[in-house]
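Common to both upcoming complexes is chain A, partnered first by chain B, then by chain C.
For the complex of A and B:
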């Protein structure tokens, strides 16, 4: 007699999965939507060069036709019917969000600023996360004096306000997106390593780590083969939540010290340029301020949702 | 922008305009006496210019002493004047003979004195400063300068401690001789081994001197190598400061430390907090331009604050933490502030002498091809620059600044010159630019930009777009390096080969006399001629231009000299010298090394408001006039003074 057929639940399709996620985590879904929108907008501008991001001089329009989302180059300027520079024009079909103080399209600058914020954030946080994870991993794994020294060093870095360190670094160096990315990465290291370290401290006591040690595995093998894979989840969560903070810091730097970073389209720069006229011509401030707020909120919500999915324990942290 | 409603209301207040004009007329009448500046010896010059009502109804005030300053009553003496300035940006040496950073010698003007000083940049009238009277012109190469007796160097506990030999010492003819010879020799008389020769940017002014004889303690006899009508200007130039020999560090040939800022001027060095503020204190023993009994300076000192942005500046002004608010980029906001606070005084200041320009190393490819330089000259949209950088508050700049109307190419002629003209003729210029660029092989163009003022680097992207629109979207034009350069980097880069900044867009301070605008830059021996590869003096940069530049120095008749100045400007702009209004032939242009070696673009013209309690405010087109704070005072009895924080 044939065994009775076991009723197997069919795996949900991608569409159903997304829908279920959206119903269970509506805020998370909204955050992910914002992040996706930023990615799509970024793709609407030219691809960055290989390596750290820097804006190419030539807009995509010269190579592949006009950018379909950015519509214009961020430095492109327009004239009105009177033949004067179209300064502070209101929203229209031609200029969705109007024009700024130099007759440039605010929407185009917003889109180019999105790419700058996103790529700068990703680069800075990738560097910061890799460095922070390494420091946390090594520090917790070896512990003892080594850990003590590393942690006091991290305490020392963390005792300075991040914005102060960023301003110091960019004022001592030539203005460059690379330097800004490195500085942003640097100020992010202590908090990332602290989270990674706390997870490693518990993971290294696990039986499988002990077993690997007994079998004669090297420190490097234990750290990278047995411990690191088990701390990836919190690292991903830290990365996604941290992106919002990095974007905010970049905007703050561009706002506080616009001349210390290259004059490319940037949300912070737009905010700085627009604030003196914000009561008469709020378009620049509303667009850039709204974009910053939305991006930070989006990454935070997306990070929260990821945390719930990947590592529910971290909700208590 | 709401301008019309504002100006409607503005015109309703006609009484105050009349009062202003009446006051200015009275001021003009009183200027001859010049009691406040102690220049009773000065011969009556041309009548001072009057305030006019400029575009939009804002009074356009002339520069300098266009009014008779009112003396401060006893109860209104003291207090610190506070304003926004770039004085705290010390990017250059503090040495008054070596700096070329405008804000730095602004502070110097408070501390150090000159032989003569300008009363106005419109009339270019001069008056004695350290001199007792205007120098006696013995013959066309000989001048006798008599100094005021009893002029003392600053005497404070700090000076007594650091330089006891200078503190309170009387300034003599030897000090003047040293100051001139130091610059003439480019530092060799201080340190023959290690002079900082390259930093003596004004040396070409003093190289005209053949001999300086000290006749007595207060008298010098100067003999020039050849007639030079600009010599009296050199003595009044914005940074022609007289220093004491003891203050110069002989080993370094420098007096760049704050403790060495000891002079005979109306104010004493107070404090410098870089990027924040510069403070000067009243000199109680100032010679007061021959009238110490007037008790000037009437304030205890001045503080120049640096604010990174307009919003902070306006907030400080509203709280009366600064007494003056002026802006070019945010001039519209200044007008709105006047609208909100009607009691404020408002004026459209003269265009600044400082201007935005670019310079090329004409020995470097592709800028060694005059067609590329001319293509850029024609293609760059100066009107757009005025809009983009100054939101319309600026003027077009010929090779001699518009601020100096005596020497600048007349406005109507400038408006007809290719590159500056508008309308249908502009289209022809753009076509020619494209043709020239094509003929030159469409080479890649790389330009660097200065980091300040920030409107320059922030405009760079727009400039690229604008040039591509004219020269073709495939034109390879870009900013390189991508990051703006500071002026030290620029100065160093200009001395190096073609790899570094063959084209730079930056800001220059601007000058007074025709000679300063053109000779140091374009003459083969000019101290600022970085356009060509040869070290100055080893061969000739542009023989025809050298001839014109030397001729303007010799020409004693002002009208003829003016015409020579126009010719020099036309030459630099590629115009035919024989046929006015016609562009020189390509053959002729190709022979002129200097043509379009420097492209002059625009100069800002800001709008300023100030609280009515601030009295005797003067406006000047450029830096180096902080000695005029000696006549400013704070009217404590004025209602607007209420609430001003001490």
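For the complex of A and C:
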């Protein structure tokens, strides 16, 4: 007897998969589009200049050149045909979004700012995720009094609003993007470790963990080989939503206290500078505010959609 | 109930102590920059002498533990939050004046948030998956996603362009005005409300979006319960069922969200106050940062964190009082 023919109801393949995702979760697809756009904006030709990883132009050790989509350097200013500083020009072929209060190209500053925000967020979140996952894993695995006290410490850290911690850190140190990244990571650790901890607490009682223990596996091996893989899915969600929060916090800090934050092409700084002239020349404010809003919304929506796909149990709201 | 309260007080007491310790440690990790900037701000020409004097004032020249630590805790208990580098007066006295506008803004925002979130959340839950639900959820996502200060700036712009109105703000030409600002809050109630209108509404809508989503999910859960089905079966009107039975139960967990959300409200208000020049604690913190006045920043961060822990304690107790099942968790 020939095996029954199995009819395929839908064509398989990556393209169709993407279309199905876009139809099922349109907002999530929009979010991921925004994320991809930000990544593309940040890309530039790598130059063979190596060094310690540093923000914003050398995040992985090699230097990234000028972003492909920005024609000018963020501090370049331009003169108009009369020989005067080209301030507040409208959109044109030369300056896609016009110029700002000092004759600098708004679009170029926006693109350089995208790279800064994106890499700052990735750095901060990577550090925070690694630290938070370790803390949550250890705290939940060796529960008891240690866990109790550690959770109180995490509660204490979480009682500080993120912005105030950033203000505190800025007032304590010479500001640099690296220190900002560390401070942002620190602020994110309690939430990350809480999620990891809840996963670990539920996985700890599984049969395969008990079996591993009986077979003589060390604590370290159990933690990393058996328990940790369960944590990957929630971590991905936390990462994407967290990027939005980090970008938001960084924009807020540059807005409120721009002298303390290096690197002039920052969305928050553009928003602050544009505020004084916005009633007459809303270009700066619309561009930078729109960028911040779009970026944060995009990461939030992408994170929500990822969470719905990967682990609907995590739905709090 | 007493056992529960005692447990929560003990646990939160530990958290309070840890909060104070964290702020204590923060300065002592690397105090050089703070001391340097403070010394540069004084009139003393010899920098080293100035630094030594500053260190003595801050108490940094004595052994960290036990001298500095217990002095610090003792000061906290006596509500002595240090002396401002800039004005040489006690931070506490300035804070007493500044707390009024911040409280006013926060309360207005909370009022707007609740006034908007409760009806919207209820409607969205009761008419689940109809067009009104999608619309309201979309609006909520918008207010959740877009940052508060961006919304506020856009609102200012929009009001000026399309309504021809802008709040009576005093200084506006300089993006980073150098403090001290005019810290006398306007006495006239109408002017006061005008200045607070946009930040209160914008902040309230942002907070309301969070509350609305949470309330909606709680309502959805409650509406599936058996006692609601009984109410329908008894023939009660929809409004009575929703308000008297469902909403009362759904609102209880929402109280915990209010406690959580207060942290974001404070953060948001730092920015909002600096946009609208509202002379509250947030603006005071920003001034402190801009003028390298570390005791001010430290005091505000400490106070806010302690306040949030306290609010969470109160919320825990109220929640347990309203929902007895929690007491045995």
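As a working rule, the second predicted complex is superposed on the first by the 278 of 317 C-alpha atoms of A that agree within 3 Å, B and C clash if a C-alpha of one lies under 4 Å from a C-alpha of the other, contacts with A are read in each partner's own complex, and residues count from 1 in each chain.
In this section, a residue touches a chain if its C-beta (ideal position, glycine included) is under 8 Å from a C-beta of that chain, and two chains touch if they have at least 3 such contacts.
Predicted model, so just to flag it, every value in this text is computed and none were measured.
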Clash or fit, chain B versus chain C on superposed chain A: clash
Chain B versus chain C as contact partner of A:85, first or second or both or neither: first
Which superposed partner A:201 touches (first chain B, second chain C, both, neither): neither
Chain B versus chain C as contact partner of A:103, first or second or both or neither: first
Chain B versus chain C as contact partner of A:236, first or second or both or neither: neither
Which superposed partner A:272 touches (first chain B, second chain C, both, neither): both
Contacts of A:131 with chain B and chain C, given as first, second, both or neither: neither
Which of chain B and chain C A:39 touches, first, second, both or neither: neither
Chain B versus chain C as contact partner of A:258, first or second or both or neither: both
Between chain B and chain C, more extensive residue contact with chain A: C
Touching partner for A:176 - first (chain B), second (chain C), both, neither: first
Stretch in clash, chain C with chain B, out of 21-29, 39-47, 147-155 or 255-263: 39-47
Where chain A meets both chain C and chain B, residue numbers: 174, 257-259, 272, 275-276
List of chain C residues in touch with chain A within their complex: 11, 14-15, 18-19, 22-23, 26-27, 29-31, 33-34, 141-142, 144-147, 149-151, 153-154, 156-157, 160-161, 166, 172-176, 210, 213-214, 217, 263-264, 266-267, 270-271, 274-275, 285-286, 288-290, 292, 294, 297-298, 300-301, 304-306, 308-309, 312
In the complex, chain A residues that touch chain C: 27, 149, 152-153, 155-157, 159-165, 167-174, 244, 248, 251-252, 255-260, 271-273, 275-276, 278-279, 282, 285-286, 289, 292-293, 296-297, 300-301, 315-317
Interface residues, chain A side, partner chain B - complex: 54, 57, 62, 73-77, 84-85, 87, 101-104, 174-176, 257-259, 262-264, 272, 275-277, 280
Chain B residues touching chain A - in the complex, by the definition given at the top: 1-2, 308-311, 314, 330, 332-333, 336, 384, 387-388, 391, 451-452, 454, 457-462, 464-466, 473-474, 477-479, 482-484
